[in-house]
Each structure stands twice: as structure tokens, then as C-alpha cells.
Amino acid sequence: MTGSPTASRPGTGGWSLAGINPVWPLLAALVAAIVFMNPGFAEPTGYMNFLKRAAPLAILAAGQVYVITSGGFDLSQGSLITLVVVGSSMLTDNDPAATAWVIPVMLAIGLGVGAVNGAIVCFLRVPSLIATLGTMITLNGLAFLWSGGAPRGYLPDTFRFFGRELIHDVPLVRFVPVSVIVLVVVVGALAWAMHRTNLGRMVHAIGDNPVAARLAGVPVNRVRVTAFMLSGLSAAIAGILLGGFAGVSTDVGTGYELEAITAAVLGGAQLLGGRGSVPAALGGALALTAIFTLLNFLGLPQPVRQVVQGLILIAAVALAMHRRKRTGT
Amino acid sequence: MKLILSAAGALSLSLAPAQAQNFNDPEEFAKQQEQLQAQPNGPEGEPWLQYIGDGMVETGDLGIEAPATVCFSNAGVNNPWRVVGFTNMTEELANHQSIGEFIHVDAEGSDDKQIADIDDLLAGGNCDVMIVSPNTTAALTPAVEQACESMPVIVFDRGVNTDCPVTYVHPVGGYGFGIEGAEFIAGELDEGDNVLMLRILPGVDVLETRYSAGRRILDEAGLNVVGAEFTDGDNARTKSIVEDYLMRGDIDAVWMDAGATAVAAIEAFEDSGYEIPVFVGEDQQDFLRKWEEEGMTAIAPTYPTYQWRTAVIAAARVIEGEALPGPEWVLPQPAITEETLAEYVNPAMPPLHYAMCGCETMETYPEAWGGN
Amino acid sequence: MTDRVIEMRGITKTFPGVRALSDVSFDVRAGEVQALVGENGAGKSTLIKILSGVYRADEGEVRLRGETVHFSHPVESLRAGIAVIYQEFSLLPERSVAQNLFLGREPRGRFGLIDTGRMRAETRKVLDLFAIGGRIDPDRIVGTLDVATQQMVEIAKAVSHEARVIVMDEPTAALNDAECEELFATVDRLRERGAAIIYITHRMREITRLADRVTVLKDGEVAARFDGAPDPDAIVHAMVGRDIDDFYAPPARADEIGEPVLIVTGGGNASLRDIDLTVRAGEIVGLSGIQGAGRVALAMALFGQEPFERGEITLNGARSTFRSPRAAIAAGIGLLPGDRKSEGLVLMQSVRDNGMLTPRAFSSLWSSHRRTAAADIGRIDDLLDRMEIRAASYDQEIRALSGGNQQKAIVARWLSMRPKVLIFIEPTRGIDVNAKAGIYHLMRDLAREGAGIVMISSDLPEVIGAADRILVMQEGRIVAEFGRGASEQDIMHAATADMENAA
Amino acid sequence: MSLAAASREPTGDGFRFDRWAPLILLGGAAAIYVAVAVATGQTQYLTLDNLIAILGRSIALGITAIGQTFVILAASIDLSVASLISATAVLASVVMDGSAAMIVPAIAAAIALGALVGLANGMIVSVLKVNPLIATLGMSLVIQGCLSAFVSNFAGSVPPAFQVFAYGQIGAVPLALVFLLSLAILAWAVLRFTKFGSDLYAVGGNEEAARFAGIKTGRVVLTAHVICSVCAAIAGLYLASRLRSGAPWIGADGVYDLESIAVVVIGGTVLAGGRGGIWGTMAGMLIFSLIDSVFNIAGVDTFAKQVLRGIIIVAAVAFYAIRSKRIVA
């Protein structure tokens, strides 16, 4: 210890430009580009529609980031969405009153599937990549098995309220989609749990170093299972929004798990654990949706969209690795 | 991974001039246009037994003993259309004493797996007759040829590039589907009006032909096609696409190559506060219901699921040694119109039930199809 | 003309915040054993890592047979004939002995394929250099060998490189007496063949037995050089180099030692047998023994990580067997792991998060991360202050801190839980010498406050200096107990004596 | 050191469970197959013809899985194989376009494309240090996007001479089966007898130790990726031959990415790398084929099949993993 004695207690780290998560400037640039292309986007109809559309993915990414930060993956989110939508249609069967109990049941299913994922990883010691791949296939099968291959009921308007309705006559913005309110509430709650509670710090700890966490007394299994349950819960909520937004179909959730992982990674979440932020995952989801929107406005076809998504994914992680190497941490 | 799958090959028409198959064949277009108008042979009111054209094949000399084992290599039951169809098929089996055992193998949408399935059936299935619903035409041709060597084969839905099957059961076809919807729009709209075309996926033969026929007619009618977008059959995506188009300008009609996401498209108009324009859907109950409720101006061309019944009927005729339409058994392909809508709407049926199933008179209707 | 194979001159190396080596000169000749001695943290490992090209010296030069060399990668030094046997095994447990020996330089036969026959034969030849070698099958999977044999394979691997310079870093840490003798014989044989051997140890017995010359490092500087095997006392003096009473905290006075807080009777599991142990409030109990003797296993059993399957633990009068660390912590046991990086720290999290980890673990998942039942942020900050942790900010990632500061953050973590028993595993490993005294005094302070301290250390002088009582373990059992003032020889003898005497 | 030391404890020199586990699983699958055939009275499924049909069921999956084994042994992973299979199948089929003269150039082009993609994957993983999951997922999107930009259906055709690859017979045994077996033997020999094979296990088992032994770890990972991608290219050639043409969806339809990983893991190769081998992978492939056949014989409902498949994957991996004490995520 050669340095001069520090006079006082080390302070709190300040904000610096370099400390800003790159996802925010990226999002800002994308939004600017979209507004430039289509000034209508700056109108409430434009950006509210955008937020409404991004809401399921953002919620999903906020849940996924728990599992990623804890060191795993949740590939079952997409199938869980499908199960929730198909299951809701089976259970409500166009009875508006049923919504009141079907939604809690769906949230419970989300939590339950998360608990099963967590239990497979914690107690059967199957790596989450394989475990959730298994549940992904199984849940898809279950959704079909339950419905016999095609949805058997309609979703009543009461159920679809969350994903479809707008609240009119709101000052400043004229109207707010209900799903945007759901987005704010859910992402807010998940951000609070991640960044303001013991759970969140312990999710980081078990992803960073599970052995050290266990030796420090962290209930590793309980934390991990909780992370998976929150991911499952977020998928259930996303499912309720998607079902509400667009009605019943058998492949609603297809591909959402990868988009959620992409969004989380764009937000700087570190694969294999230890780093992750819910607000940044939200930023990642908005940025990803903005990229797709921009590509649509540019009239670029689907394949280009894929190529861009792939390149961005690689570039985001490569950049993060580069920054980490440069800062020597 | 299905993201990749569903996104597979999604570049639009400009780059898709098919190298292997021609999806814009004027001859086929004309033939199907004619078949739509043709008066079918066979019993009135039972379209699954009807046929267009006169060709028949004799099967008396095949010498299969009843009850026989029928094997069915299915491309998949991976969408509601195939689910309804497969239910039609299994329920139809009850009508045929001559069919003893029915072995069903499902390829889950994979060519490779379907080829392996047919191999398996040939190696150990003790099949007397084989029904094949090919996943793709070209890929399954060798497997079907191989099967033809050991037993009579019946193909339906998609065809194969060989005439070895006893018969190929199918409705009029994709051009016919496209023609009916587009002609309806052309009749309702004025020149220069805006039409949005919504498509599921590129590259799928039965869908490509629908589009090329529809596009041709819309163009000929002088309508302005504002866009042709792929929806991946995804409701949310469909709704988003339509919303985006509405932000840019008015739409007077929507043409779709399949009706699965029709209701989502309609809702986009409702939710954005627009009148519902002229619509082309399909015979799914949710669309028909919406149509009736909202009093829309619409048409529902069909690709009838009753062809799955016909395939079983054909197999039974082969076993019984009766003649049957062939080498192609072309089924009528009626569209549901304003006049016939009431016959088909049935609130007791599930939303994605295909109304043109020819199944209403069957014993287990509607429970077996998920109705109540 | 010189027969010096290796010559290091004026080596200086600084790590952030630590001067690891300053102006160290060191040489070794062919056909001799040069002992490199020093306490943990004296700079031995750093010196070796510079020699082998893992680190680069800030100043000074390394000469190999008179020529200046700059190794930038261990492979280059290996190719130049310098083989280092590290303490951490570099063996691949899933591969065979022969595959491990020839890793990265497999003999090739026809078509460039690996000549497995020749590889096996060469392995045989190398293993035959050891008496024990004859019993090792070259095709045996390394993971299935016991630890001592794995150590032998590790040495054989270095030997098989036909290195002119062989560095052995505490090679006997895991070996019993007989195995040690075998190793010594091997070293003799290597010396006869003209190899230059750098032998790192802090065991006097080995120095006396093997060394031709001795270099003592202290605080990153050469403290003494001896030709021939010197008097052990002289070495110890050079190593410690200060008043021991001052360096180590004073021992516990009789009145400071209180009631037993921890009693184990008949404890046993797969790696432990017949453990009877009492730890009193206010005392520091040292656990000694060779590597693999069961010291760490005992700690992990007490801590519930590898629980006892037999016997029982009484903690503060309450009987229990801890099935998990969590249960042990809840009952009042704390543990500072031996390998901070892999077992103690969550490196990407902040200093404060590392301190708060255990308090948080014992609070509701959903309550605020700033205030927990055991401690709030303010209290943790106070404890971190008390530990005199040097960090730019407690929000800084802990990975940027020095080893000593990291260790202190973990101590702060435990202090917040007010444990009744605190287990330190290798508490000063990798810690700056100056920080060491701090750790010793800290342990003593904790004991004075009424905790029972269990300390496991491979550094004998440290155990002798810091513990009030020393328990020696061998093959999973406690075989001897010494009070303050035991000698290294006594302990080493007890740790490696023939098991038959005990049985 | 302490926990690490615990993991170094000898595991006994007698019966090594994990060496035999794939065989046990395979035996179990075979027993179930026989039991189901006997129980349903369909003993006609127990002939040699059927055995060959079962062996030949999953040739493409087997070829892909052999390649996947290499990357997983190196502690990497490759999610781009499915898209690559589609790309090479299309490329080969377009280049041949029915002409026998073009067979050799087409094969060369396909292999070259495979090598190129493998090289890119390997570079991104070993030089840019991007997590292999993300790197190859991104690559997969890029390949699929590029491919879809040019073709949307079956493109080109394969001359009859090339169809021999998939349909030819040597006596009663399909040529492709013989080819797969030869490839497996070659892969086994590479892993067993070459320096590269030895290096591969070292890099996957303990990268640090490998680097200290002078192994160029980056190059080893790179080579593993090239091998994996070349295997995928061969699988693409096989599928082109089998389907008589290539289409941009055949890889994704076969789910070769996730299934090949599942096969490798069920065959006892651990995702963490350094342990496993080709014969385990072959056992895994056979297990998959047997499961498929059992489902077909027993006439399991399609959707129930999916549910079971997911559960089987998880259960098979748990069969190994549950014995480990490591914390997984």
C-alpha cells in the first residue's frame, strides 16, 4: 500500500459520459431516424402505437434479464406465451366474466413454469440451455394438446382489454394504450426488484460467482428459481398483452425468446451472468423494435431485417467485450 | 429457432421468380378460372364426392382384401387447417368397413422426416394402401415413387411430380383462390382505389399461386396495390403492418392469401378508428362471425378441408375395387359469399374452424371439431 | 565463464498499489538445488512468473546461459528449457497420464498422427525415474488418481520436457512422508543429471535435506543468501526479519479464553473420521497438516458445505448438523474461503455489495437492498472503514482492489453477521506482507470480542505465530494437538508420521 | 483451492458411470422400442430392414451432430448449422442445376461455403471473444437473411447421379449410412489420434492449462468451428440429394441446430467442454431415431409426442447431470 492515506470514506461514484449504457444513444439515434423518415411518429398515435407494439417484448426482456443475470437462459418464454394465449382462449370460452379468474390462473401458470425450469436447473442440474429447450418443446406440445391443435375459443373483450384498449382523453398525449400502462407498471416493478431489493443483488451474485454466493449464505436455489419464475411471469403477462392485442393463434409466441435475449444483450446484460439491468433491457427492447420499425419504413424486406438483427447482435457483444478489455475490468 | 423458420425466405416477389417452379403460369391460371365456373359431376350437396372433369381410373385388378390397412404419411398437423382436415379424415374412417387398420405418421413439417416415415411404413407397416399428403412436391416425389412400387398410393393437397399414384385429390387450386378474392374486390372498387395485399410466407407453392393470380387481376382492374406484405401468419404482426399502412393513407380493400390473420387485420381498422373496407378472408369461423356482426363487404374463398375426407373415400374405393376420378380428382372450390354466409357461420364452432369442411352432417359433429 | 544457467538481475515488478519485487537478483547453476524461501507474499511466485514469461519485469534482465532473454509466454520459456511445476495443477482430469505428459507436444508418427505407442513408452520411461512411477499406468485417466499421484504426474510432466531448469513450487504440499522421500530422491537424481533446480518451500526440513544454496525473499527484496544448508534459525530470522511478537498479535491470555462455543464429537464423512474438536470463545485454533489431510474438508463440514454424515456439532449449546452453509451461517458460523476469487468474491459487483452479500442473504428477498436485518448500508460502510479498505469508492467493482483489500471486504461481510465462530482458510494467501499483520491482529481482535477462530494455513510459521492452539490433521483425522510454542519440526512430524503409530 | 481440490478427488478407477451412460440410455431406448413393438403386436418392426430404416432415419442429424461434437468439446457451440444446411443445400442444388458435370464444383462450393462460415464463426468467437451462442445465433440470422434474399423456394435441382448419395445402396445397406459411419470413424480417429484432437480436449477441459502447454487455443477453437460448419455443409449436400433440390427452410424445418446440440449432450458430451466423444453422439442420434420410431409404432398423438420429446431431452441430460455437485445455471 503505497498510496497516501485517503482522508475520508470513499465516496459514491459519479456519473460520466463513458458510463452511459450505449443502448440509450442507440435508441435516441433510431428514434430520430424514424421521426425524420416519418414525422407522424412524433404524434401520439405514432409513438403510442410504437410503445404498444414494443410492450410485450419489453416486458419479456425485463423478465429474461433476470435469468441471464443469474447466469442462465430462458428459451421457454415463447412457448409459454403460446400456452397462455391458447389456454386463455380455452378457459374463457368467450365468457366475459371468466377473465377475472383466467388471468390469475395464467399468471400462476407462468410462475409455475418458471418454477419447473428453475427446479430442473437447480435440482436435476441440467444446464438451463437444455432445460428450457426441453420445456420450450414440451409447452408447445402442451398448448397443442390442450387445444387439439387449434384454439377452441375466443378471447372475450374483457380479456383483450389489456392488450387492445386505449384510454382516451388523457392530457398531453390524448390517449394511452392500456398495454403501455401495463408496460410501465410491470417494468417498473421488475426494475425495482432488480435494483432496489436483496433479490436483485443476489441474482447478480449467483450469476457472478455461484460458489462464492453459496458460501456467503445466499439461498442460491431459491434465488435462481425466483429468477426463472419472474421470467415465466413476464412471459405470461406478455402473453396476455399479445392475446389482447391480436387475438388467438397457435404461434403467437414463436421466436419471442430469442428477441427477448437479443433485447437483453443489447441492453448490456452479460451472458453467463453477473451483469444485467432491467431499464437497459427495456432500452434494448425499444431499440430492437425501433430497428424493425425503421427497416419497415425504409421498405426493406424481411431478409435484410434478419441480417441486420444478426449483425447487431454480434456487434453489441463484440463492442461490450472490447469496452471491457479496454477498461481492464 | 422458429423465428428463423418462420422468417425463412421472406424476400418479396421481386427476387422470387421461381427457379424450380413457376408460380405465374397463364395456362394453369386459365384452366383454374374455367374450373371455378365448371359444373361438377357427382352428388349435389356433397362436394367432397364431386369432381370436375370426366377422367376415371379403374382399380378392380388390385386385389386388396378388405378390411385392409391404410397408412397415412402426413406432412403435419401444424396449423388449424390441417387439424380440421385431419379430424375430417379420422371421422370419415368410421364410414368405411373396408378399412381395417389406419396407421398415421406425422412428419411435423419436415421433408426429411416424411421421407424417413415413408421408408418406415414400407419397411414394416404392412400397409395395403398408402395416402400421402406431401410436405413439398419435389422432395417427396422419390419417396412416393418408391411407395408406388409396392402398393396403390393416393396423394392429396400438394401433388408430386409423378403420375404413379392412383389419383391426386385436390380442389381447384391456388389460382382459383386468388381469382375469386381479387375479382370480388375488382367488382366492388373503382379504378385507382387502394388495395393492401397481405401474405403469409413466400415460397409456399399453394400461397404463391394465390398471390400471382390475385395480383394479376387487381392490376388488370387498374387498382392501386399499395403494398404486398408478409405477415408470417402472425396476428400481432398483421395488425402492426395494417396500422402502419393506415398512418400513411387510406385503404379501400384488403386482399389476403389466407384468412388466419384476417380478424387481426380488421381490428387494425377498428382500433385506428377507420371504416372496415372491402375484405377478402377465408372460411375460418372467426372471420365469418366478424363479417356477419359488422355487416362487412367481404368474400371468403376457400381451400376446402373436405378434401381430407375425399382422400379416405378414394382409399376405400381402391380397396373395394371401384372406379374413382383420376389421375386427378379435382374437387369443387366454392367461395363463401354474402348470400351463403348464413349457412356457414356457426358460433358453436371454434374461431379457427374452417367452415367449408363438409363435416356438418357427420355423426360426431360438432364435438369432434371442438364445437359445443 | 560461468556455470550459471539462470541469472536474474535487478528485477523490479510493480502491481497496482503493490511493489511485488524490487531490485531482486537471483541465479541458479547447473547441477544444484537452489532453495527459494520466503513467506506467502514475499515475492517468490512473482519472481518465478517473470522467469517463465507469465509476467514481464518492469526493470531488470533475465539471462539464460549468459544470454538475455525476453519470454512473453510460458511456452517460450518451456521451449528454452525452463519447466515450472505450479502449485495449481494444470492437469486435465479427463485425459490419460500419457496425454497429459505430452500435452501440446505429442510425438508424431506416420501421416502426422499421434504415435500413441511411443507416447506411452516415453511416459513409461519418465515415470520410471520415480519409484512410484512404476505403479502408474500411462493410460490411466488422471482424474481417477489420488492427489499425491497427480502431483507426481505433474512433476513427471516437467521432467519429461527434459528441462535444464526445473522450478518446483512447494511440491510436497500434498505429500506424506514416504512420498516426500520419494520426491527428494527424484530431485537428487535430477540434480545428478545436471539439471538446475529452483525449489520453493518454507519447510526447513526440506531446505536442510536438499538445498545447495538458499535465497530468502522478504517483502519483495532479497533478505539473505546462504551457501550450503544454513541453520534453520538464520533462515527464519531472515524470512520474518522482525520481532515476531510484533508481527503476530499477542496470544490470548488465560482470562480471555471463555466457554466452548463449538464442540464436535465423532464427526465423520467421506473424507473425515472421528473428529473431536472444541473451539472456545476467545481463542484462535490453528489447523495444520499436509494438503489433502482433511483440514479444508473439516472446515467445509463445520460450514455445512460438505456436511458431517456422522457425529454431531454443538454450537453455543445447541446441537445440530449443518446441511448447508446457510444453516451454518444462520447458527453463527462464518468462513473466509481460501481462494478468494473463485469462492469468496462476486467480482463484478461493488465493494459494498460484496460486504452486504451475507446480510442480504438472510433478509427477505423482497426487502430493500439498503437495509437488512443484520446491517444496513451505513453499518457496512462503517465496517469497511474500520477495515481500512482502500478503494476509490465503495461502489467500485471489487475486482479492481488488491488482494488484501478484497480479503478485508469479506471480513467486513462476516463482521456484520456477528458470528460466534469464524473459519479462516489460508487468510493471508496472496496478500501483501504489510497487510498480513493487519489480518493477524484482526483475528485476535475478533477473538477478544468473543468469537472462536479456526485458522487453516499451509504456512507453518503463520500457524505457529498466530494460533493459540494447533491441531494437526492427517488422512482425515486429528492426530495431534500442540499449544503455543510448538516447533515446525514437531508439527511436520505429526502431520506426516506413519499412520500406524496413531492407529 | 479448497473446492477445486474437492473436485480433484479421485473418482475411482473401476466403473466410470459417464463413459457408459450413453450406452445405458441407448440400451434403454432399444428395449423400449422392442417392448412397444411386441406389446402392440407389431413384431414386423423387429426385422433387419427396420433396423436399417431406423439407422438411416437421422443421417443428416447425425452428420451435423458429429460436427457439433467438435465445437462442444471445445466448450463452444454452433447455432448456425441449420441455416448453413439450408444455404449449402440451395447452393449445391443451384450450382448443379440438374447437370451431372457440375457435381464436383457444387460439392466444392458447398464445402467452401461451410469452411468460410466456420472460419467466420471461429474468428468471432476466438478473436472478438463474443459468446459463441450469440456469435453463431447472429451468424445464423445473417446466413438465413442472405439466403432468403435470393431464393424463396426449392431452387435448382440435383442430377440423378448425385441422388445416389441419399438413395444409393451398397447391398442392403444405404450408401448414406455407410458414409455416416465412415465419417464417424474419421471423426473418432481425428479426436483420438491427431494432435488437433488432443488439443481440442485440452482447450475444452482447461483452456488455461492448454495455453500454458503452448497450444494455440484460438486456432483450435477456430478449427473446431470450421469442422462443424463443413459437417453442416455435408449435411446440406445430403439433404439436397435426398430432397432432389435445396430450399431455404430445410435446415430450420429439421431444427438441426437445437436437435444436434441435444443429440450431442444426450450422448454424454458436456456443454462445458472437454469431455465426451463421437460414439456418444452416435448413440444420441440413435436414441433420437428410436424415439421417433417408437412414437410412430405406438401411434402417439402428434402433440403428445412433442410433450414427451421435451421431457425426454431433459430427463436424458438429468440422467448424467444429477450426479454432479457443480452448481449449474
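When the chains are written out, they are named A, B, C and D in that same order, and each has its own residue count from 1.
FYI, a residue touches a chain if its C-beta (ideal position, glycine included) is under 8 Å from a C-beta of that chain, and two chains touch if they have at least 3 such contacts.
Because the structure is predicted, anything quoted here is derived from the model rather than measured.
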Any chain that touches subunit B and subunit A: D
Of C-D and B-D, pair with higher C-beta contact tally: B-D
Subunit B and subunit D, separation of their C-alpha mean positions in angstrom: 35
Computed distance of Cα centres, subunit C from subunit A, in Å: 44
Intercentroid distance (Cα basis), subunit D paired with subunit A, Å: 31
Touching two or more other chains - residues of subunit B: 1-2, 4, 7, 9-11, 77
Where subunit C touches two or more other chains, by residue: 305, 337, 342-343
Residues of subunit D engaged with two or more neighbouring chains: 3, 140-141, 144, 147-149, 258, 302, 305
Listing of all chain pairs that touch each other, if any do: A-B, A-C, A-D, B-D, C-D
Contact set on subunit D toward subunit A in their complex: 3, 124, 128-131, 133-135, 137-142, 144-149, 258, 261-262, 265, 271, 301-311, 313-314, 317-318, 321-322, 324, 326-329
Interface residues, subunit D side, partner subunit C - complex: 1-13, 16, 193-195, 197-199, 201-202, 205-206, 208-215, 274-275
Residue numbers on subunit C that touch subunit D, as the complex places them: 73-75, 78-79, 88-95, 99, 103-106, 108, 112-114, 116, 140-141, 143-147, 150, 271, 291-292, 296-297, 299-300, 305-306, 337-339, 342-343, 425-426
Complex contacts: residues of subunit D adjacent to subunit B: 42, 44-45, 47, 49-50, 52-54, 56-58, 60, 79, 82-83, 86, 94, 140-141, 144, 147-157, 163, 167, 239, 242-245, 247-250, 252-255, 257-258, 292-293, 296, 299, 302, 305
Touching residues (chain side subunit B, partner subunit A) in the complex: 1-4, 6-7, 9-12, 77, 79-80, 82-84, 86, 230, 233-236, 238-241, 243-244, 247, 260-261, 263-264, 267, 271, 286, 350-353, 370
